[in-house]
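Input: structures, listed below.
One chain, chain A, links the two complexes that follow: it is found with chain B in the first and with chain C in the second.
Our next item is the complex of A and B:
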């Protein structure tokens, strides 16, 4: 996905010098509304969050800006570390599962979908038009102890039923279901772009299908996979809905922690400090991703 | 089938709704709505309109002075009551909803103007302390005697002395719901939330006050304690409960309906709603009023200091206090309203279930969740976070 963007940017660069000044200015003007939008609604809210993370709460539960480090000091508590590690384990598991589900799906559609390709992609994407929250509720209803799945199991002999809900597995399953499409689409895009003649060439050189796959297809789609990993990992790490609706007593994630500070505890400054720490952690992964893709660009 | 039933019923589960809408609320907050502007200096928040005189402005008269700007939980009023008000007085009702009390407070503080708002008791106190609500002249309300002057606790409630700034609306207790067909060993105590028979099917409400309050009552402590020793005991007690729990959740009606919950710390109004509208077999469900005592909480209507149409607001509050409207609202909401005209209606609704009965004259206000100092709030919150994170 990002290579798409980089390609597009790169494509404009060599031509930029040749473009007339008016055309460049037009681009500048066209950039203004989106830039203003981002500054007003995105950059400013991040700045407010950062500023508020040094703030305090007054006696009436209202947040006030300040220069206190107390919120960050409060985070020096093993409890928060436990939650952070748990979130990390859940989201890495989610990414790995998404990869194992997403790659074959994308592969099948891109290389064997034929004229149904677009219809198949639409069929994948359309369910995701429904709110994530609603879909999580649907899961919790389906998987409940007396829900449809357990009723079906009951009729085929599992009279005791199975407890799906309120387990770490349910939380990860919710995350996988919620974000798998973000893995499929970038991989699909890179497979689509790949020259299938390369696969033929691999076979002509007496590679087994498996060896062809790992020697040719996987490297050619690495950017797509990396993009998918990032697009799944980032929202999964910050998610709170899955743990809220499908989780048990010990599946609290960092997203739940932040959500609790803002909506229940009336402690927006502490919530902001948590958000800043989470953003910094995500930034580390983002930098890692950018470096990985840059390396790939240099190689190709 | 249970679940399709519950999906169709337009029942009010404001607490359900509260959790259900978290995603939307979070999205809105993260987008900066109602958030970026809610941190002015305290002085600026007292009269955001700039034109109003400081809080003690002369009390408004109950005369229609414009459309009603109405701010409440979604669906937390009987629909024909609201329609009737529009028709009778020929005004529009401009409705906005909130899904958490902190969210409500944030919107009010950021300068949004409303005529009537329904905060929880704790938040009435916060609003009053911040001079954000106006005094309500009871002489302007023809039906004031429904709420006041007959010996109700709410003549002089803890959150608003003499109810000078608010009109009490509904209330609830927190107890335990359980299934008689699954559990036979209930003891009528909060210790039932550690019941061996129910292991893996027990739910505790996902709210700091409710969880800490429950453990405090069981240990013989004050539900509002912020004493470090008390909190340490409460924390240990709550952690000892985790092996028994299915989850912490406020999605109580779905938990009961889906068959996951056999024992559930439960709000009285939601329980009544559940057995009246959703439960396939209401007879298997029982509500326990634990012997250590039950938390009692309530909400009340207020008129913000910067209300654009305080006259219409007063007419509306008076209209809500008409006996026929009180009855309609109780039947629809399943929460007892804090008015004389409604006592009999509610009593009839809970006939045969004495654990749900509420006597408005004898409320033990030591079991009401209070506001705390920021340090105490943080101490309680840390305990709750540590329990949930462990």
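Our next item is the complex of A and C:
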């Protein structure tokens, strides 16, 4: 807003207009290298994926561009559809679990963290910058048949041992562990921004902390929760490391199929079609998400 | 802020309201749950570190402290060249992403033309694109051009992915900086470049340092993009670890993992602390947490 005012004032001064025009040109030049980089290496490479998804593999096993729908038709069988549905179920479960785990944590830190608030957020953030691969690997050794968790269970009396790895539970747990911070941070931020006097008022009005929580706190932090849902769902749906290290072929997700097409089957056009399906799923989700946030903005 | 103070005052001065609060008490559930959460958050990390010092070749029985896995790691020429490769990728990607990301942030803050806004929107897309999509796209782009996959292709892919992070962090700092400061510098006779060099850059320096450290940590640890864009020899450390843990289980991986953890923890901790050393309250912590 202050820049609008500035521009208005500047426009009335003699010679000012020319100066601001040269300025804009300078900043315009600055835009060129990063814009060119993004267009060459990001936009065009995404377009190549879309183009190759209509391509074929020629006789000597090399991918070729084309206009065939064969790759998409090939995806229309139960094997692939099962994996699509499984990926959706795992990702939605992950989002819901992250919500139930993340909300109390964000709440406790934001409203009862006191002077340790920043230290707690740092303690939360730091592990998530540690290699995702190493963290998944750590869980795979912990949960293995001879791992520490099974040893602990053994000493408590469960002598049969529990098979954790290769189960859907392990894969979803890995996804939750991997991405829960993306749920906590936006909820934390919206709780921080929230006027705590509202909670006080709510307590006077409803006489019950639980009713206050659902009538006041939850609606006030809906934007944060929505942001968290987006930030968890996006990486979860495209993940293949958790299913690779904590699961097996029976728990493979769409990411594992993509990875297989590029590194094992060497069928790049089919892999591209799978990638396009993943992008479309996320696009549909984004549209619903943007609608929801717009409605939220209109209401508040 | 003011509301919080009023609320606390109200709490301490009015005995009735204090009584009501103490009946409710702290939400023990949320606090206990959070404590449990932090324990589970750190258990796998602590286990990796602990077993990296194990004298036995076991991932479940601890036989006493030993540095044998670190010795093995530092004598393994393959792992060492991967480590050097990862450090090189992260350094170059950090410089490249800082340069391009800062240009982008400066331009987007100052130019509000339609193409600039379009670039601004496009530059946010990598942040909401799953890495596997970016990885596949980069792989097809490079192979389509007939480029041989190598560390160079990894660096290009990592820069593309990191520009957005830098731009977001630097824009956060720029938007809180008044444009009038630069205006004043120009009124005092600075050229646009001088104003940028002597006024704007020093102001956004803490954000640049924080962004650089975060990009280094992210790229150094990154697996998915590196996996899709790397050649055969040398491979980045994360890709090499991935192929090792799929083949065998070796406690040496715990030692490598511990070193990687140490690097990222150090970098992230620095990126949290450094902006505060400059007397700024807007460290990357606030940017990350959106505070």
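Just so it is clear, the second predicted complex is superposed on the first by the 259 of 300 C-alpha atoms of A that agree within 3 Å, B and C clash if a C-alpha of one lies under 4 Å from a C-alpha of the other, contacts with A are read in each partner's own complex, and residues count from 1 in each chain.
Just so we're on the same page, a residue touches a chain if its C-beta (ideal position, glycine included) is under 8 Å from a C-beta of that chain, and two chains touch if they have at least 3 such contacts.
These figures come from a predicted structure and were not determined experimentally.
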Room on chain A for both chain B and chain C (clash or fit): clash
Which superposed partner A:126 touches (first chain B, second chain C, both, neither): second
Greater residue coverage of chain A in the superposed arrangement, chain B or chain C: C
Partner chain(s) touched by A:73 [first = chain B, second = chain C, both, neither]: neither
Touched partner set for A:252, first chain B, second chain C, both or neither: first
Chain B versus chain C as contact partner of A:37, first or second or both or neither: second
Chain B versus chain C as contact partner of A:101, first or second or both or neither: second
Touched partner set for A:294, first chain B, second chain C, both or neither: neither
Segment of chain B that clashes with chain C, given the candidates 59-67, 95-103 or 239-247: 95-103
Overlap of chain C and chain B interfaces on chain A (superposed complexes): 41, 44-45, 48, 52, 131-133, 137, 140-141, 144, 146-147, 240-241, 244-245, 259, 262
Partner chain B, residues of chain A touching it in the complex: 41, 44-45, 48, 52, 55-65, 74, 77, 79-80, 82-83, 131-133, 137, 140-141, 144-147, 163, 165-166, 240-241, 244-245, 247-250, 252, 256-257, 259-260, 262-267, 270
In the complex, chain C residues that touch chain A: 3-4, 6-7, 10, 17, 20, 24, 26-27, 29-31, 33-34, 37-38, 40-45, 47-48, 51, 59-60, 99-101, 103-104, 106-108, 110-111, 113, 115-116, 119, 122-123, 125-126, 128-134, 136-141, 143-144, 156-157, 159-160, 163, 167, 178-180, 183, 192-193, 214, 217-218, 221, 223-224, 228, 238, 241-242, 245-246, 249, 253, 257, 260-261, 264-265, 267-269, 272, 285, 288-291
Interface residues, chain B side, partner chain A - complex: 2-3, 19-20, 22-26, 29-32, 35-36, 38-39, 41-42, 45, 100, 102-103, 105, 109, 126, 129-130, 200-201, 207-208, 242, 245-248, 251, 254, 258-260, 371, 373-374, 377-378, 381-382, 385-386, 388-390
Residues on chain A engaged by chain C in the complex (per definition of touch): 2-3, 6, 22-24, 26-28, 30-31, 33-35, 37-39, 41-46, 48-49, 52, 101, 104-105, 107-109, 112, 118, 121-127, 129-135, 137-142, 144, 146-148, 151, 177, 185-186, 188-189, 192, 195-197, 200, 203, 209, 230, 234-235, 237-241, 244-245, 255, 258-259, 262, 268, 271-272, 275, 278-279, 282, 286
